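Report on the following structure.
Note that the chains take the letters A, B, C and D in the order they are written out, and that residue 1 is the start of every chain.
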Amino acid sequence: MKRNALASLVVLLLLVLVAFRPASGADVRHEIQFPNLPGYQTVKCDLHEHTVFSDGNVWPPVRVAEAWRQGLDAIAITDHVEYQPHKDDVPTRHSRPYELAMDAAKASGLLLVKGAEITRETPPGHFNAVFLKEITALDTKEFLDAIQRANDQGAFVFWNHQGWQGEEKGRWLDVHTSMFDNKWFQGMEVSNGDEYYPNAHKWCLEKNLTMLGGSDIHDPDLRQKSTSQDHRTMTLVFVKEKTLPGLKEALLAGRTVVWWKDQLIGRKEWLEPFFQQCIQVRPPHLRLDKATWVQIRNVCDADIRLERAGDMGPAKLDLPAGTTSLVEIAAGKASGPLELKYTAKNFLIAPGAGLPVVLRVPGR
Amino acid sequence: MKRNALASLVVLLLLVLVAFRPASGADVRHEIQFPNLPGYQTVKCDLHEHTVFSDGNVWPPVRVAEAWRQGLDAIAITDHVEYQPHKDDVPTRHSRPYELAMDAAKASGLLLVKGAEITRETPPGHFNAVFLKEITALDTKEFLDAIQRANDQGAFVFWNHQGWQGEEKGRWLDVHTSMFDNKWFQGMEVSNGDEYYPNAHKWCLEKNLTMLGGSDIHDPDLRQKSTSQDHRTMTLVFVKEKTLPGLKEALLAGRTVVWWKDQLIGRKEWLEPFFQQCIQVRPPHLRLDKATWVQIRNVCDADIRLERAGDMGPAKLDLPAGTTSLVEIAAGKASGPLELKYTAKNFLIAPGAGLPVVLRVPGR
Amino acid sequence: MKRNALASLVVLLLLVLVAFRPASGADVRHEIQFPNLPGYQTVKCDLHEHTVFSDGNVWPPVRVAEAWRQGLDAIAITDHVEYQPHKDDVPTRHSRPYELAMDAAKASGLLLVKGAEITRETPPGHFNAVFLKEITALDTKEFLDAIQRANDQGAFVFWNHQGWQGEEKGRWLDVHTSMFDNKWFQGMEVSNGDEYYPNAHKWCLEKNLTMLGGSDIHDPDLRQKSTSQDHRTMTLVFVKEKTLPGLKEALLAGRTVVWWKDQLIGRKEWLEPFFQQCIQVRPPHLRLDKATWVQIRNVCDADIRLERAGDMGPAKLDLPAGTTSLVEIAAGKASGPLELKYTAKNFLIAPGAGLPVVLRVPGR
Amino acid sequence: MKRNALASLVVLLLLVLVAFRPASGADVRHEIQFPNLPGYQTVKCDLHEHTVFSDGNVWPPVRVAEAWRQGLDAIAITDHVEYQPHKDDVPTRHSRPYELAMDAAKASGLLLVKGAEITRETPPGHFNAVFLKEITALDTKEFLDAIQRANDQGAFVFWNHQGWQGEEKGRWLDVHTSMFDNKWFQGMEVSNGDEYYPNAHKWCLEKNLTMLGGSDIHDPDLRQKSTSQDHRTMTLVFVKEKTLPGLKEALLAGRTVVWWKDQLIGRKEWLEPFFQQCIQVRPPHLRLDKATWVQIRNVCDADIRLERAGDMGPAKLDLPAGTTSLVEIAAGKASGPLELKYTAKNFLIAPGAGLPVVLRVPGR
């Protein structure tokens, strides 16, 4: 009795000390520098994450802390509905990851999306359902029932890591056609962790599916911040308003770009204005008979790699993230504005195809 | 039925993929460069860590993975016996952290010590018991019973973070005298996480208690490696053999140095030979009328800060970890060997007291 | 003959390859993030640098390249007029550093100020003259003649590293009073390289002299960019227009802040609006009965260290450069806006005196 | 008069302060971790460097300071004999770079080799002569005279950057055959700065010429230390004794490996024992029915990339510099020693050909 009272007191004391405190390292956030688009805010999302409640290795609030410090704006914890290797120690309770992460999300202003991963055989493969109301309903016998129930709840559903077990296991089958015709999934991961799937990329373009990228993280994410060289795979979503409904609307409308390694992957429709916001070309400093020196600034957190597609400017232009490059252009005696035609090799508008861009140098 | 069989198959497949695989980031290890002492190997230990099984935020094998990649050799997971804030989701099972971490420890060759934190009121404060045989026995009503039972199992017991709630709550009471007289605790943390306790340091010297430093980590440790500027608080233990019994013997014998921030804290008896192994003074390159140039190499992973205590050599000598410093000495025309007297300010032999050292420059 | 023709050809070929090419590393610039003030642009300057033409170790265009890549906007090469230890190999020609650096400055858009260091006895000490028309005139017998001639040319003259040889040699003498009364010097370095001079700081405040900070660099500057932890000592000048005349006007008007190590040093008049531009306080995310969580963003490249001066908010607030901090405030049930009173410890408005600031948290 | 005396005094004072002081940044050295070979010490050399005395941008002692801090052991300053674009400001004096760098070299114990670059038309291309006695003699009308005179002085002569202006201009001509037959050049750069020349590599193998790599540095080298990711191009020379004669003997004997970017380039004869010294395979920690866990340590400062050439072990093994990797081997129930056959892809024994290696895992 006395012991219990004492223990309770200790518990209470410690709870007061730790309540609502985001996990260590969460107190300082490094914003990710990506521009907004005209009319849209850019929201950085990771909608594929795991915790100890399925086969992950962290307690749910850790996912909030690491996303916050790395500059993300929205996450979904998507523990496997069926695969629960820790269940002898952590009994299955599908709602708990979301509930346990909520206080930290509120305190830091992160959007926390309720989600789950429907994890059956491959094929048909694994699917994430996000913006769920209730997860337990997905714990059904039949795969398609689970998918349908997610849709009945108004979830946004996407096909995960399509090619992770090889293209043979990742092919498009009748079951996918049937789901697609029913509008039972609305997107696909074109990238998952370290992997990229050209077929998923192609199908997203052909079938007007939303492109997504997710970390699928199981272990702690050790990154303090997101840099061009070292960041998690994520989805940039262009929202009209930075709220959960605003995020869902943008996902359904397909307004996304995936940031995967040194690539930005998306529809030309979104990559084009995105590129324009990333680059600033300043008026030339020196225009001699033979050379013009131009400063080109890359204001975003991704390195940009350009290859000349026209007849003016250097053959290659590497513009490191957040820097200004001094570029020499053999531009003759012209004093008017110049147009330099390039291909942005790491802005992928289709598998293997970079974005055509024009750098406009103002006259002096 | 079919569904269960199917799920089991999926589970099996995934288990095969992940079995015995240390958590991500564990595959590359950065050794910590600290010298061995004549007759002893230097074992880097962290004997104070938590997991989701008490109030920590990671699954147990994560503790092995992070210790391994950071160059540690031995850890103890010491979840609170009494304080279990996650128990609604993770029912109390004291043996599980140790059991769950064991495979990863075996695969990577890390020494995993069975431990627990006896967490009652402060005062008397929290105590870690390591080298336990069985933890549940410590879940008793009375504090001293728990301590006694740990000792009955042959555990090494130490007083944690003595001053963490202020010196008033950390004072030495009759209960400590009684425990000490019974030899029921054998060491104290002089450092815990970011904190250092001068009183603990003093009492260890006076009462011949073993000095320890521990991380008391609850969240994931984000460090990829241990550097002079950024490492966890740990204990260097000088063992006769690198085994669990060898580690215990050395702890009981008090052969430790604590690495805390930019300080190495220990008895003069151990810091003195340790310093000698860290430093190499090379023969001078140039001895002119007025100056001798000497190269001093610091082969260890801790920066060393020296202040002149004699009449020769620069007033201050900062020797960064793992570098060679070029030092000018106004040594007259002498050609024989030189002795430079310094105090190693960050080799603490008592609170506020650096280690006196002599740098011997060979003759040329 | 033939040999000379051949050599000339080789020279020509190589010149074509290197002409107007800034020295290596200059092609990528890391902008320094410091805000503009209302009505003023912030120009980052280093008006104290040396080359092989006095006792420095680099060819003049290197000074442009290193300043450009580190994000500076304006430099002056100020080789010693009298002290020319390399003159057996590099005969004295005072105009050459400026001339040799000019092409690189033009190509990169850096403002290059013509300058020199008048280097006689200490006391009275060394003085930099910048915005000179012609340097040779300063190579006079008498110290005061050199100072007067610089002023006759319309130069901005400042007393360098006042305390570098100790306060005794850096004291204010009659000669300084006489120069000051003649308005023959208009500023002082409060910082030079690694040093800071409290007396210079005090005299600038008392006598309305412009505060400056300079690198006084002799060797190559190895920094790729300027960070809070590692940047050269420089002067931030608040200009009406970013031109040489605009820079001179601002220096004469005293609109400067010195960035030295982790300190920003200046008049309260300029540090106050500067601080306001550096900090963004966002509306709170969560206001419970007991706690409000507020995000505070430091958009500048200097860490900011705050200490509480009022009764609300954490005792200390460290806001690392370029990050957002999540801060818990025990604010009761209030829902209106809050005012948190702090002292910015590293915004020095006088020796030892930090800037009083108020963080305004909007209501929700 | 008085003015001159005063200036002399100032000069004297400053000289006392700077005499024998290596340029800034030189005071701390980061040793390069490359193993010695049985019977040989490994000396890290850069025998191709420029200063303001030809078309470089630094004062000669800077070359010593930067080499010393980066862990090099020997350098040659090899200013162009004929190409002197700074000569209006720095009159031609071929011996001065060596003389001016000597004090710093002595103080820091760096081996300073007297050298020059014979810079005529391409073809035949540029040649470095090192271990010269006197440089002016090379300032002749005819190219072959200069080469012969270098050889007459006992110099070691090598063909620089063979393919830098394209393979057409870098082809092997009669003049090269003639020089080769006369033994007038003994080596070639297989790498220069960022470039690698497969033809030079091939010819070195065929004609038994010594392989060299050099920085050809003109600007300041900004690197604080040499790392696997970021180091200058250099030559590792395996010497019997670490002296100038010892270095020359080893160069003439062809005992070199070139460190260029992520590649180590050399004869199989030297790369093979070098690899063996870089790698330590430790006894396995765990040998279950299906898996053996082995720790492989790479003690050198270059990452090592292995590809499986046999039937055991992972398909790829990346061993980062200075780390230990935990490797899973499906080794059945065997308990005896194992041999894992790999190709070290970045140990180039010929253009495009990696070194075959065997990793021997001891039995348990």
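Keep in mind that, in the parts below, contacts are C-beta pairs under 8 Å (C-beta built on N, C-alpha and C of every residue); 3 or more make two chains touch, one makes a residue touch a chain.
Note that the structure is predicted; figures quoted are calculated from it, not measured.
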Topological distance between chain A and chain D, in contact steps: 2
Far-end chain from chain D, centres as C-alpha averages: A
CA centroid of chain B to CA centroid of chain C, Å: 44
Distance from the mean Cα position of chain C to that of chain A, given in whole angstrom: 40
Of all residues in chain C, the ones touching two or more other chains: none
Pairs of chains found to touch, sorted by chain label: A-B, A-C, B-D, C-D
In the complex with chain A, residue positions of chain C that touch it: 20-22, 26-31, 68, 106-109, 285-286, 288, 291, 293, 295, 297, 320, 322-326, 328
Of chain C, residues touching chain D in the complex: 2-3, 6-7, 9-11, 14-15, 18, 23-25, 52-53, 55-59, 61-62, 65-66, 82-83, 85-86, 89-91, 93, 96, 100, 119-121, 141-142, 218-220, 222-224
